[in-house]
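Structures are listed in the sections that come next.
The same chain A turns up in both complexes below, where it pairs with chain B and then with chain C.
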Partner chain A sequence: MKDVPFHRRKETKLVLRYLIAMVLVIIFVFPIYWLFAISFKTPGEIFSFPPVWYPKSIQFNNYAVLFKDGDAKTVGNSLVLSSVSTFFAMIFGTIAAYSLARFKTGGENLGVWIISQRMMPPVAIAFPIFLFYVWLGWVDTYIGLIILYTAFSLPYVIWMMRGYIEEIPLELEESALIDGCNRWEVLWKVVFPMARSGLFATAVFTFVFSWNDFLFALVLTRTEVTTYTVQVTHYFGGQSNFWSKIAAMSVLGTIPVFITVATLQRYLVRGISMGAVKG
Partner chain B sequence: MAAIAHPDRNFKYWLISPAIFLLLLVGLFPLIFSLVVSFMRVTMLETDTSFAGLVNYVQLFHDARLWQSLLHTVLIMIIALPIELLLGLAMAYLFLDHLPGRQLLVSLLVLPTIISPIVAGATWRLLLDNRFGPINQIIGWFAGHPVPALWTVNPGLVYPAIIFCEIWQWTPFMFLILLAALSNVDRSLTEAAEIDGARFWRSFRYVVLPAIFPVMSIAILIRGLDLFRIFDIIWALTAGGPGTMTETISVYTYVQGFKQFESSYTAAIAFLVIALLTVIVTWAIRRMGLAK
Partner chain C sequence: MINRRDFGKISLGAGLVATMARPAWAASAADTAVKAAQQYKGRTITIVWEAGLQSLDPTHFSGPKWKELTGMDVKVVEVATAEMFTKIMQDYRSGAGAYDALNVIPAWMPDLAQAGALEVLDPYVEKYGYASELQTIAPTYRDNQMKVRGKIYGFPDDGDVFLMYYRRDLFEDPAVQKAFKEKTGKDLAVPKTWADFDVVGAGLTDVLKDKGIYGASFFRQPPYAMYMFEERFRNEGGKFFDADTMKATINSDVGVKVFTAMRNENKFMPPGVEQFGFVENLATFLQGQSAMTISWPPYGRWAEGYGTDQEALNWVPKTTIAGKVGYALPPGGHPELAAGFALSISSTSKNKDAAYLFIQWLNSEDVSRQRVQLPYTLRDPFRDSHYTDSGYLALWPNAKDYLAALKRASQTGLLDLSLLQTDKYEEVMRQAISKLWAGDDPKTILDAAAAEWNDITQKIGIDKQKTVYTAWAAESGAYPKT
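Here is the complex of A and B:
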């Protein structure tokens, strides 16, 4: 530490690192900024050359139009589908994970079969599911998509929660059993609270996966349960892209995810790294 | 221990049965259903249920558009994946040590990964517009004259457009995973490396890389699989065009199934894709030493 040149070198290095970091942040955040900016612009500002770098005044006209036309309802649809399916995937997935973690149900094979369900390319199974849903009358229904999203999230939830549950000391569950809890109470009063941070992290990812889905929603919805991702693409094409609508709808659909992730941020990094380690 | 190890006989099955039921319902059952369909002559317009034998599968081999779409998929994958990995790794190193406002900067950098791929595609569609988009304007500053590049129409530019968008959205994912992995590497082993470059490479090669390798390979596997089924970004940017120029295997499957209504043939394509993926994943898992 007495070595002054070395010390100074460290400081220069820090400044340099900071500069690079700022450049990276600008590059990665600019597109998102641009989307937000367009959503507040007037048509005159959107279609001008050279581009207008920031809206002169924040005006909510583009959003108002979406609410007036009823298009904003698609964000509500996404919200219902993602939250309900996350709820069921977390419950069914966690109890299944508990079964795998504690009782080795089905041996290693069952676990592998479950995760292999996740490796299927969505488009390859979308078509069979479409045929199946037509037969059941489930196309364009909430139940159809909720069941699909729940099932599609299960492999991830099961594998993540299995890892978290294996970390819970067995003694805690045993003493709860001895204290007179039945097995369901052990789950409710010991396992769920102990795995809380894991439950949050897994739930956020599950929510975001369903929220971001485009393909299944594109194929399996018509008008009733259209999600916002499908709605965004409705504005594409023809000779005029409805830029203001594309931007405003995208922003509307991005805000709930931002809020969820920001709220539960402290659980996420561990969630990601665990997910990567455990596959 | 005894109480846990010997549950009421059916308890463990009660726990797992809802999950298994759902997976069978929308996972396995439709797959079997479509396997049957792939041996018939069903199109959406006429439901001919006569047995077609291997006709649909033989047709796969004569379908130039199919192989072209596979080629496009692989092309995007082999370009985007290494860039995402290297850039993500470099960024992880940048943020490994203390940096003022590190937490906030990392949160900002991760934003692209949490937005929907369809929104990412839409955003880049707006950014890359030849007349009103800012990208051409910015390139113009450096070029010194206006650059009206037609990103999604010009055959030479459409792949860079897709790959930019893909890299922009998913490099932060690599970055976050690698940052977590690097943070777990024992610093006392690598501290000497901060002094000069030659030692840096040595310590990276012999200390850091082996330590982060397991996490890194899984990140590569996850991204590789995702890139293999790339759909949303392409659909938002080009919808497979111009012509069939940017059709990937997922886009082609979608078009066959839901635009051309070739039910049986689409089912056959789906099984080809599943078979290919199974082979690739098995190979990758072996190769990376992930199999236990």
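Here is the complex of A and C:
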């Protein structure tokens, strides 16, 4: 057999690598493309066989209907609930994480106990929470879901932020204390800036967890604060499936997360590569 | 083009005129309800309704109309079908009393009634003089979907039933008839038995496949195919349980025969039929790619293009077969009622009388006649008078054939299996059907399913379930009367 020159072998490997990468990209990107494509298609195109691979003309009717019927409000509800709960979870969680990391509050095992709460299947507490919320009059209210999402996100925030904070050299905080800072100032001026990437990464994941919630939103809402995840299920009927609405609403529901992740991507990568998830 | 708002207004006007035109001496159940409900002016009643098209009825038509007549608001809580039972039960268990009126799938009634979630309606029926109009609901619905243990818990409000739709133009085409005869040696006719269906379906595929037409297509996703199995199994002589021991008998020879045939038939249906849901199968039929199909009544209306120009129905594929459709009972002659809805009152409602009056009015002869003609709400004819209503008969040229088929179905339809915790049994069936499409052995699948059914029965309590099953099996629509 004839020897293949080294540089040719290197080129072949490179081409192969690109080919595999392209195939993988197509596999992973195709569902997203298909979702977008359906959201712009006419009903006739959606049901065509063989499939119409791209809409013949981009039309926004499927989106317009969501706004006209008020269904798009549910994306706004999700945005409010996820943003506000993430904000509170980050504040309370970071303070708690600092306490655990620096003062060893509750001993070594408290952190593990806290994160174990996040591992509990949500369905196990859904009904007791519903009963409690009925008693409080919090069913179908913003405050009810915000408090719940905050509480549910706290273990994750505490666990992640504790890891990030532990990575910050203690000497920096001691120097700040010697320079006259109190603990709150240390937190604000040293810890937060140093753990910035971790903060953003944790906030993004917390936001996404709340954004994706279906179970609690289903159980605890009726008409006023319905989230987009619950709204999408309204388009599946025994005798009707509104594929165009399903696709358009899913796209609307994807955009805020997409923007959040894209905006904070550089913190996300750095955040993931440091702290607790580093292993 | 009339949009859904215009249609609502027109219907509202027509309804008001019809209501006002009635002489005082002939107060209908609708009039009675309106008159009695006026004392509750300013109140709001909350009703749980299936999300999607169904809910356009209370949000666009009946809710505004009721408000106009009585001054009461109707708040509609839209819930996906799969979540309705849980939501209703959850509200009841918590004692929240958030819902006043309910849409209940009749198969849930034993569970909900036993739990105490539903209000017994007999005293209200008597108080507001509804008994005689209730009797004019078509027999299968009236006799099977209204009572639990002899008490009224819901008013049948949707004539869901499977019909067979076929391409009349193809069945009457001499060239197709000739080619079919040459291929099969038999005359082409709409099948009345499943054995006939196999011959006709396969034969038509052979004859028409070159034109892109298959002999038949069905929805095959497990939640739908489960109903098709239930219907066919009983039409072929199967029983779900041994009535003495409560042992499941779905794995009998009949069950295996039906399962085997269902899978074999997929071979002459369009590729990928195993994944067809309601809409995919509808698209196939409306685009002229299958000669026969079985489904709920909306297929018949949409195949004729009735109402599909409305915005709410713009997702329905454009029909290419208007004027070419024939209607028949599915093979066996006893079609599954397949879900349906009844109107009930929540036992924890704080507005029981007001809510009752609303459902009496909705369900009444006058108002239900208008509701089943709304093109967008999926409420199907369910009263004797619906099948002969002159307005309905005039909606499209062969509406009379459609309504005649529905009327026959309303006399011979089969009730969904309705036990304690029915959904657990149904889930086993759905999984069994998934395995069937995956290629597992029918006998093995059904043996496993029967064993799971027995476990469920055991856990619920054999005697407890036997009482419910015995009452269900005694219903006129439980098993075909031969």
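As a working rule, the second predicted complex is superposed on the first by the 262 of 279 C-alpha atoms of A that agree within 3 Å, B and C clash if a C-alpha of one lies under 4 Å from a C-alpha of the other, contacts with A are read in each partner's own complex, and residues count from 1 in each chain.
Just so it is clear, a contact is a pair of C-beta atoms (placed from the backbone, for glycine too) under 8 Å apart; a residue touches a chain by one contact, two chains touch by 3 or more.
In this text, all values refer to a predicted model and were calculated from it rather than measured experimentally.
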{"item": "Three-chain arrangement built on chain A, chain B and chain C clash or fit", "value": "clash"}
{"item": "Touching partner for A:131 - first (chain B), second (chain C), both, neither", "value": "both"}
{"item": "Larger contact residue set on chain A - chain B or chain C", "value": "B"}
{"item": "Chain B versus chain C as contact partner of A:139, first or second or both or neither", "value": "second"}
{"item": "Partner chain(s) touched by A:83 [first = chain B, second = chain C, both, neither]", "value": "neither"}
{"item": "First, second, both or neither for A:236, with chain B first and chain C second", "value": "both"}
{"item": "Which superposed partner A:24 touches (first chain B, second chain C, both, neither)", "value": "first"}
{"item": "Which of chain B and chain C A:151 touches, first, second, both or neither", "value": "first"}
{"item": "Which superposed partner A:222 touches (first chain B, second chain C, both, neither)", "value": "second"}
{"item": "Which superposed partner A:47 touches (first chain B, second chain C, both, neither)", "value": "both"}
{"item": "Overlap of chain C and chain B interfaces on chain A (superposed complexes)", "value": "46-47, 49, 127, 130-131, 219, 233, 236, 241, 243"}
{"item": "Residues of chain A touching chain B in the complex", "value": "14, 17-18, 20-22, 24-25, 27-29, 31-32, 34-35, 38, 46-51, 53, 92-93, 95-96, 98-100, 102-103, 105-106, 110, 114, 117, 119-132, 147-148, 150-152, 154-155, 158, 170, 173-174, 177-178, 183, 208, 211-212, 214-215, 219, 229, 232-233, 236, 241, 243, 246-247, 250, 253-254, 257-258, 261-262, 265, 269-270, 272-273, 276-277, 279"}
{"item": "Chain B residues touching chain A - in the complex, by the definition given at the top", "value": "1, 3-4, 7-8, 11-13, 15-16, 18-20, 22-23, 25-27, 29-31, 33-34, 37, 91, 94-95, 97, 99-100, 105, 107-109, 111-112, 114-120, 122-127, 131-134, 137, 168, 171-172, 176-177, 180-181, 214-215, 218-219, 222, 225, 228-229, 231-232, 235-236, 239, 249-250, 253-254, 257-258, 263, 266-267, 269-271, 273-274, 277-278, 281, 290"}
{"item": "Residues of chain A defined as touching chain C within the complex", "value": "43-44, 46-47, 49, 61, 65, 127, 130-131, 134, 139, 218-219, 222-223, 233-245"}
{"item": "Residues of chain C that touch chain A when the two form their complex", "value": "50-54, 75-78, 80-83, 90, 93-96, 98, 223, 277-280, 283-284, 287, 289, 296, 298, 311, 314-318, 339, 378"}
